[in-house]
Amino acid sequence: MALKTETFLVNAGPQHPSTHGVFRMRFILDGEVIQDVEPVFGYLHRGIEKLAEGLTYSQDMVFTDRLDYLASMTNNQAYAVAVEKLAGIQVPERAEYLRVIMAELMRISSHLMGVGFLTNDIGAFLTPLLYMYREREKILDLFDMVCGQRLTYNYMRIGGVSQDIPEEFLPALKKFTDTLPRFIEEYEQLLATNEILLVRTKNVGILTKEAAINYSTAGPVLRASGVKWDIRKAEPYSVYNRFNFEIPTATKGDVYDRYRIKIEEMKQSIIIIKQAMEQLPQGEIQAKVPKVLRPPKGEAYGRIEGPKGELGFYLVSDGATNPYRLHIRPPSLLNLTPLRELVIGVKIADAMAIFGSIDICMGEVDR
Amino acid sequence: MELNNQPQPEVYSDKILDKTEGEGVEFVKQQHQIQIEDPDSWQNEESNHNFILASADALINWSRSSSVWPVNAGLACCAFEMISTASSRFDISRFGMEIFRPSPRQADLLIVNGTLTWKMAPQLKRIYEQMAEPKYVIAMGSCAISGGLFRNSYAVVPGVNKIIPVDVYIPGCPPRPEALLYGIQMLHKKIKKQRNFEKRKSA
Amino acid sequence: MTVELQATEVAAKLEAAFPGCTIESSGNTIVIKDEFALKAATFLKNAAGLDFNYLNFLTATDYQTYFEVIYDLVSLEHNHKLVLKIKLNNREKPELASVTGVWKGADFQEREIFDLFGINFTGHPNLKRIFLWEGFQGYPLRKDFKQ
Amino acid sequence: MPTFTHNILPTVLNTGILAPDWPAGFWSHMIIFVVILFLFVIFMAMGFIYFERRVISRFQIRIGPNRVGPFGLFQPVADVIKILIKEDIVPLNADKLIHLLAPVAAIVPAIMVFAVIPFQNGAALANLNIGILYIVAISSVSVVGMVMAGWGSNNKYALVSAMRVIAQVVSYEIPLALAIIGVVLFAGTLSMNGIVLAQKIPYILLQPLGFLIYFLGSMAEINRTPFDLLEAEGEIVAGYNIEYSGFKFALFYLTEYTEAIAVSTIITTLYLSGWRGPFDSLPVLPVIWFLIKVFAVFAVIIWVRATLPRLRIDQVMGFAWKCLLPLALINLLITGAQVVFWPNVSQWVFVGVNIVLAGVLIILFSRFFRTTGDKIEA
């Protein structure tokens, strides 16, 4: 007897609990197994690149906050680095240190969310996520202290930072960096010794080294596949060449490795913050920048290592007050490129785990 | 017994799916010119309730306001403040609202959190239409209220109230979780004022 | 530290392989003719000593009279970088060979350029609008785009 | 021996409707007890919902519902009223009859389980002499309702969910039944009350392996974490009940918790010596012991839910067939040998032997059965 079977199309998203925002995947399913997937983007495409052409350089800073809204500080920094490169502005040393502290705090916060949502996608009923949120709230409190905002900071400005840190910031930061390693250790014990988590993440969604490079992935995804590539080491910007820290890498490139890398990077970030706190000099926090910036004609590409990978801003100036062209190199979008190859042939549950491990932010993917 | 794998049906082809989606977007874009009825108009109408209906109303409204289950839907930045509101520090579950239903059929509240783009508009409208009555909508953040920072963009809906009726607006970019909690309490107050047994004159 | 390769040296190598392909080269930027795009990309990726195995980003700019497509290339092995530019003078029907066969990372970025600039990448496996919907009129990142 | 049905209930109600002899007052007796049982299940379910939400909140360093009524106690009441008067949607292309019947088919068997549960000595609606067989037969019928919901909703997520639940429940039924046989062998009876009476030592000590198998198997049967593939929120959204709203969804929601109560009561009866406890000859105390044990079991279920992630479908199936089934067979073999060959040995000896054996077997199997290295099969 011949049974007639048919593959069927299942639409995951744009409103789906596991798509981290408004992403959509059109799965062609053969039972539980994914035969094909068509990622569909654009549900959060706000046209930032076009809007930025109509506003001045300093006004465009607000858009960067809303790109990767889990890592607004690093977005600010990337844009500031690009504009400073274009206009040739020297940033005061204290401002650079403050930027480093904020960026590393942001990296911890973003990775906490990445790990938390990954466990949520694997099916842990909110518990790990909410513990991660507890730590994140502490970081948000620190940011609240310096700039009065929780999510969109607009703290870094072209040529420095918007305001100096208040007196109570450094003690609070010290307390945070002293306690966080203990919490990370605790979460790691809870998660990494959990058999179910290991079963669900190990050997799932393996991205080989060659593929990771060829697909232009960046950040934790690239490093999990065994490529030791980090802009902080490869092309040190700001004052990163003054700190001692490691670039954690893994070998296999599966979901578990991508999860591990994030945990290790958080630990490294704490080390960097501690060094920056010790070395923090006194002085100016803002370079002299004209109110209306008119960079010389030309183009510049400023890049930093964001939590999700290399974040770059490509700016073209025609000598006017507005950028002629602003392009964002979105690590989230490029990290999604191998998604199709990774999920074909796996089950739906694994597809969600793989998607969660790539750790994207739709604001940055769609822009 | 052998399995005979049939080729994919034609309706699944990407071209057709994309085309229908595009048509949907264009349709909503045309529709948004039509003014949506003000969801608050009933508040000014006079009540002709007697004692029994009023107490039945009180019970029903109490239960509705005490267990508002939101849809588990996030659009953009504000979604993270919504999740923060659900997280340990702000703890929306005190109001019995921690059950974020993934299926709109079982939810009462749609929190539109973030920028709504034209491409997303038909989907959001569909989520709203899938929800069972009574349903409420909170527009959270300036993007949802008016398009906010991105109002001038070619891809952004200038305010969700062009697409679906909104009950409560919470300003901010993004609003802090405290603001969202306040907005939710405003919604509770509004629900408690509802009159369920009279026919609305306008309807 | 990332080394920015001297464009003139790389341009000489390119010239040796494909005579007449470069238009100009200065700083870290090489501008080549559009018909050599795919060949140059393959060459840059595989040539010993260059090994540009990583397409950092790919974008375009509208200079009103012509389009410029920018390939930012990095070699993770040698930690050096190079910018490759291609000018497209045909505004009505801009066309360029797709480099998805060389760097798969170009996939979504080429779709993005197609979506926002209307540049047609021949040979792309799935070239269609990525961010905007089917039926959207115009290409928003062109300077002459009107809502 | 004072029994709930025959002695205490009449004195409590003091109505005279309940005749002590059955032929005269059988129907009124039955009807009242059915109503009481039904209300008990409903209120227990609401209590469980509240309990779960509060306990999970504590796990997640939150407070949980506390605004509606004192300590938020009226939260489930508000939920129930709201959900019952919510609009009822039937999808356009749904199979209308099946869509309508599915929640009923799901909840009726779940409540029927309670007919044979002894709340105290002899206080069961029907003290069947094959009570445990009845439970095995009836407890998996709820699945039919879920499959009907999955099929009738005309929704692909629901269909995937239905397919998952069939595979899962059919697989876990086997180790579950085998684990129960161990208990039956020791007790020498199929009657639920008889099993409780036979438990001089709680069978959790005498049958530690059987208890674990039954606990895990029943977690899979009622689709609780880590086997909640049926409702896997991150994968198939809400699963089989995705298209349900209002009253019908309330029934499914109730089914979920009724099943949880049912499993807790069955575990209490089979392994935790049911209503037994200190001073269990006093009037109401046995019921209280029983309820305490039920809540304790449910607390463990919540604990698991708050802690563990979800398994993948092939891992769930592999766990049933490669791990639980062999263990259940070994457990049956050991128990059979103990009952047949050493009927006169003190049971405390078996307690020690069985706990050691269970420990060894579990360690062996965890070495043996590495899910970690499994390849993903297409």
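Order of writing sets the labels: A, B, C and D. Residues in every chain begin at 1.
Here, a contact is a pair of C-beta atoms (placed from the backbone, for glycine too) under 8 Å apart; a residue touches a chain by one contact, two chains touch by 3 or more.
The model shown is predicted, which means the values in this text are computed figures rather than measured ones.
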Q) Using C-alpha centroids, which chain lies at the maximum separation from subunit D? A) C
Q.
Quick check: more C-beta contact pairs at B-C or at B-D?
A. B-D
Q. If you average the Cα atoms of subunit A and of subunit D to get two centres, how far apart are those centres in Å?
A. 44
(Q) Rounded to a whole Å, what is the gap between the Cα centroids of subunit B and subunit D? (A) 37
Q.
I'd like the Å distance between the centres of subunit A and subunit C, where a centre is the mean of that chain's Cα atoms.
A. 25
Q: Name the residues of subunit C that each touch 2 or more other chains.
A: 129, 131-133, 140, 145
Q. Which residues does subunit D have that touch at least 2 chains other than itself?
A. 60-62, 233, 237
**Q.** subunit A residues counted as touching two or more neighbouring chains
**A.** 9, 16-17, 42, 45, 47, 50, 130, 134, 366
Q: Answer with line, ring, star, complete or other to describe the graph linking chains that touch.
A: other
Q | Every chain pair in contact, whichever chains are involved | A | A-B, A-C, A-D, B-C, B-D
Q. Where on subunit B is subunit D touching in the complex?
A. 59-60, 62-64, 66-67, 72, 87-88, 91, 93-96, 98, 101-103, 105-106, 108, 130, 132-134
Q | List of subunit A residues in touch with subunit C within their complex | A | 41-42, 45, 47, 49-50, 211, 213-217, 227, 229, 234-236, 301, 310, 312, 314, 316, 324-325, 327, 329, 333-334, 336-338, 366-367
Q: Write out the stretch or stretches of subunit D touching subunit B in their complex.
A: 53, 57, 60-68, 72, 74-75, 77-83, 85-89, 233, 237-238, 241-246, 249
Q: Quick one: which bits of subunit A touch subunit D in the complex? Just the residue numbers, please.
A: 8-10, 16-18, 29, 31-33, 119-127, 130-131, 134, 194-200, 202-204, 345-350, 352
(Q) Applying the document's contact rule, which stretches of subunit B touch subunit A when the two form their complex? (A) 1-6, 8-9, 12, 14, 17, 71-77, 79-81, 83-84, 87-89, 102, 104, 114-115, 117, 119-120, 123-124, 127, 149-150, 152-156, 173-174, 176
